[in-house]
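Residue numbering begins at 1 within each chain, and the chains themselves are lettered A, B and C in the order written.
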Amino acid sequence: MTNVQRQDLVVFDDNSVISSALFSKETHSLISIASAPVTSPFWLISAIMEDLTLGVSNSFNETTESPPAKKYLGPITLVSFIHNAKYFANAFSKIKIPPSSYKVVDLLTDFVLKNSGMPNHKVLSNILKSIPDNQSSVIILEQPEILLSLLDGLTSDDLHRKLINPVMRRCKLLVVTTKLRSLIQETKDGIEASRFTACTYYKSMAILSLRPLETGRAKDVTGCLRITRGGSANTLDCQVQENEYLYFNQKENTRLFYR
Amino acid sequence: MSFRRRGEVLNGREGSPRTIPGRVPTGAPRNARNGSLQSSKNEITHDVGHSQENRVNPMRRGLLSSPINSMAALNIGNNPRTPNIRNIETLDMNHPGIRPSPASSQQTTSTGSFDLDRVLGHMGLPLGNSMIIKEQGTTEFSAVLCKLFAAQGIMHTRVENLSSRSDNTHLCVISANQGFSKELPGVYKGSSKDIKKTRIAEEQSKVTVQNLSEQAAPTRYNDLKIAWRYKLGDENSSQQPKDNESSMMETEYKDYNHQFNITSRMVPAPTPSEISYVTPHQPTQGILSQLEQIIKKHDNKLIRLIIPSLLHPATYPPTSFRLSGIIPLLHGIRSLVKKYENRCVLLATMSSDLVDDFLLCEVESMFDAVIDLEPFSQEMLQFLEKAYKSQPNKVQHGLLHISKLPIFSERGEMHEMRSHYAFKNGRKKFAIEEWDIPVADVDDSDKENSSALPHGHEHANKGMCESTESRSSTNISIDF
Amino acid sequence: MMLNTTQNATVLLKRVLSLSDFSPLILCIDGIAQMANKLIDELVFTAQNASDVRIVYVSFETLNYPNFECDFIIADSFELEKLIEQIKSFLPTPQESITSKHLVILDAINSIPTTMISHFIASIASRHTSLLAVFHSDLPELPSPHTEHYPSSQELLSFMATSIIEVHPKISHTSTNDQLKEQISKSLIPRGLNNDIFEITLTNRRKSGRSLVYSLEIDAKKHVYEPVSRNDGDNETGETPEMLQDLTTFNLSTSAKQKLAKEQVDLPFLEAQSFNTGGAIVYQFEKDDDYDEEDPFEDPF
């Protein structure tokens, strides 16, 4: 019975997680993944990685009868402020993603030591330098808003102008993970952080949000995944398939159910 | 500093060959509990323990022979100074303070509180992970956990036996208060009756030591290990034949976790070779490079990083409370813990009342595990005291909320549990148990004391409703 | 009269969208729930159908060339002064006399600091150029300590604009505006937003100084505009004479004179009709009460 209810993850209306239509035109797209602090989006990043490199998300998509869709063969760059290269290597080796298919830019290890005392624009341009420029690539950027905390005086607009936009220009698809936070904030830092999130939403073509159940903890549900259109105009041949799933993440496996 | 001397002291005074009654891992089968009680009452019921041990062993062997462990063993073992990169450095597999997590088989070290170890889901804090314990109000329960965490590290480094190296752990405290060392609790020696029994046993074992030198080490080592042991009954392991490999396995975790008496002090207090201090009164880079030096200097040791009362206004200047003050520090420390993930753990405590929610959220996001202590208000405590009139030791001191658990939460699992656990801090144990509103006791005491009128009964029920409400809300209302 | 205003609304919107009246600044206020992209497309579609319009698209947000033909400037690669120069290079100088219209589209004017907005707009605006500025109303904004008494960006722009178009999502019957706002304030975006069919509120400032406000629904796919009547609900509650017609052979309707007379009659117990004077029976259902809802004769009182 549970098998019947299980759903595949579908983000685009051509039944794909990452549609190949994204790569067909000279465009730059942004997908944002927003998550509450207690619902880590790492499984979703893994799913996207699987979809890109293996053509199918093994961790939870069950329908493997159809031959894997066209695999994405371009380079993938993971840029993270919270995980180091080893973390990705461990996690991805478990799901058999070939290490040659991605590159990690580790902005966790010694980031503070290396960049202390440097002016903000220099730090940002150094980060940019470390990210390869390839028009056909996919870049996954984990929690860039941490920079708002790490660099004194950095504003959300600066971060978008000097990092997010230039990074977007370096790839076909940029996936940004941010924190799901209230847009109504009282502190200055809070306003900057929520402004960053809102700006990311405006630029996104799809927004994937992960949040715990409002009704409290359940034993067989981790949370709610909602896929909605973002603010960006969609000039592509595929549309975002708006959907809401319940998901259950346990022992490195994820199951999706329609809500 | 010689271990022999310390060993003698411990032998003479602190050794206790038995488990403390009632301190039973919940995972253990019920009859195991009986066994341990029996053996603690009667010194010679070795057979009971023995047979249990054999039953338990296959499981443990399974854990140990997991591929990760064997790989790790291949990596280091005898030549700890691998010429390769620092990340390959791993701890000695026989480190008494580590064991594989039953849930993820990741190497894990004890926090010094058995119940906290259990609540974390890994029987401890997995290496390369960090945990923050927040506390509401002005109570100091988190400080107790912090000291237990520190004391456990010292106990590990003082362990002396054949299979594992002593001097295996180093504490690194980010604090200006060097008196922290002197505040660490000593190991619980059992009740006064137990202590007497221990001395007698000690005398007997001394005879054994003199006569059978072969058995000396294990026996003594056995005496050292005081409190709770993994699978109960392994206290009798000294009686097992030495060639039995399973007995070696059995002794593997016996110094993993100790029980402490928070009213006592650790004797002798930790020495500078066991504990280092890094003052937070310096630029972030200074703290970070000093930390890294300490970690590098003590290579092949387990580094337990401790940040007692993070953002305490007495220690941290107002500028630290800015995002760009505290977050770079925590990001840097996170980077270090992950860089040396094979031999580094971090525990921080902080008061959550002093900072706003936004900063708190940013601070939490730098940690792998987040635990929140919410002590009960005076009114709630009075209610509980009334409810548990007949069993005053059942009165809990507050709720324990979990926001994130190491490894699991990062993977995406949901482990937020609000008001699921309650804690109570006793002299010899920081207990964490599932939180239940006392129901039966109220009725009982009501019936006993006043010939329960229906009216009074209703009143008690009303109180119950209110406490149910307060349970769901984060703050216990004062007008309770 | 009603018919007249609704016609006006559609005609007026068409005039605004086709840029047939010269309007130096059209402000478009949007939010994440319904972004202005579709309105921009609609405006460009209408304007280009009506006359020859050259478009300069200044993008702060997207790197993708829009669906229509235009000069595309990615704003973040320039400092503000350079950006103004860059935009101007695509525009005719005020001295030139050209017939074709020019339209500058700014896809997010939020990125320009409040204090620079009036300078920016003054620098670009000319008698040949209309400016279409999109302002995101739900973007949290930090009050600047130096400009405490200066108006906010939105106030400033609304003051300067000749036409203001607010874009709203067409809300389905199942969700209310409040629910939507609540979700968005948590930065959770509900499903079914950013559709091709949406609503706008058009504020048009006439030369006479009058300001007219209309609500319309736009179907961007079909290019159809429909006025939205906001005052539904009010009409239905009142009993109109028309409702009583043709029900029976009796004459149930009242003439205006009769109605007036009826309203003037003082009812005898007016005092008693305000129920707050006491004496009311307050009934509270109790556990032991056996009250059958389906029994019409069962009176809880």
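Basically, a contact is a pair of C-beta atoms (placed from the backbone, for glycine too) under 8 Å apart; a residue touches a chain by one contact, two chains touch by 3 or more.
Bear in mind the structure is a predicted one, so any value in this text is a computation, not a measurement.
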(message) Going by average Cα coordinates, which chain is farthest removed from chain B?
(response) C
(message) Taking the mean of each chain's Cα atoms, which chain ends up nearest the overall Cα mean?
(response) A
(message) Can you compute the centre-to-centre distance for chain A and chain B, using the mean CA position of each chain? Integer Å is fine.
(response) 36
(message) Can you compute the centre-to-centre distance for chain B and chain C, using the mean CA position of each chain? Integer Å is fine.
(response) 60
(request) Round to the nearest whole Å and give the separation of the Cα centres of chain A and chain C. (result) 33
(message) Going by the contact rule already set, what residues in chain A reach two or more other chains?
(response) 181, 185
(message) Going by the contact rule set out above, which residues of chain B touch chain A in the complex?
(response) 87, 283-285, 288-289, 322-324, 327-329, 331-332, 334-335, 338-339, 341, 356, 358-359, 361-362, 364-365, 403-404, 409-418
(message) Taking the touch rule as given, give the residues of chain A at its contact with chain B in the complex, in rising order.
(response) 37-44, 81-84, 86-87, 108-113, 116-117, 146, 148-153, 179, 181, 185-187, 189-190, 193, 212, 216-217, 221-223, 249-250, 252, 254
(request) Would you tell me which residues of chain A are touching chain C in their complex? (result) 26-29, 34, 155, 157, 160-161, 165, 168-169, 180-185, 188, 191-192, 194-195, 197-199, 201-203, 207, 209, 211, 226, 228-233, 235, 242-244
(request) Could you please specify the touching residues of chain C with respect to chain A in the complex? (result) 32, 35, 37-38, 41, 61-67, 74, 76, 108, 111, 136, 138-142, 184-194
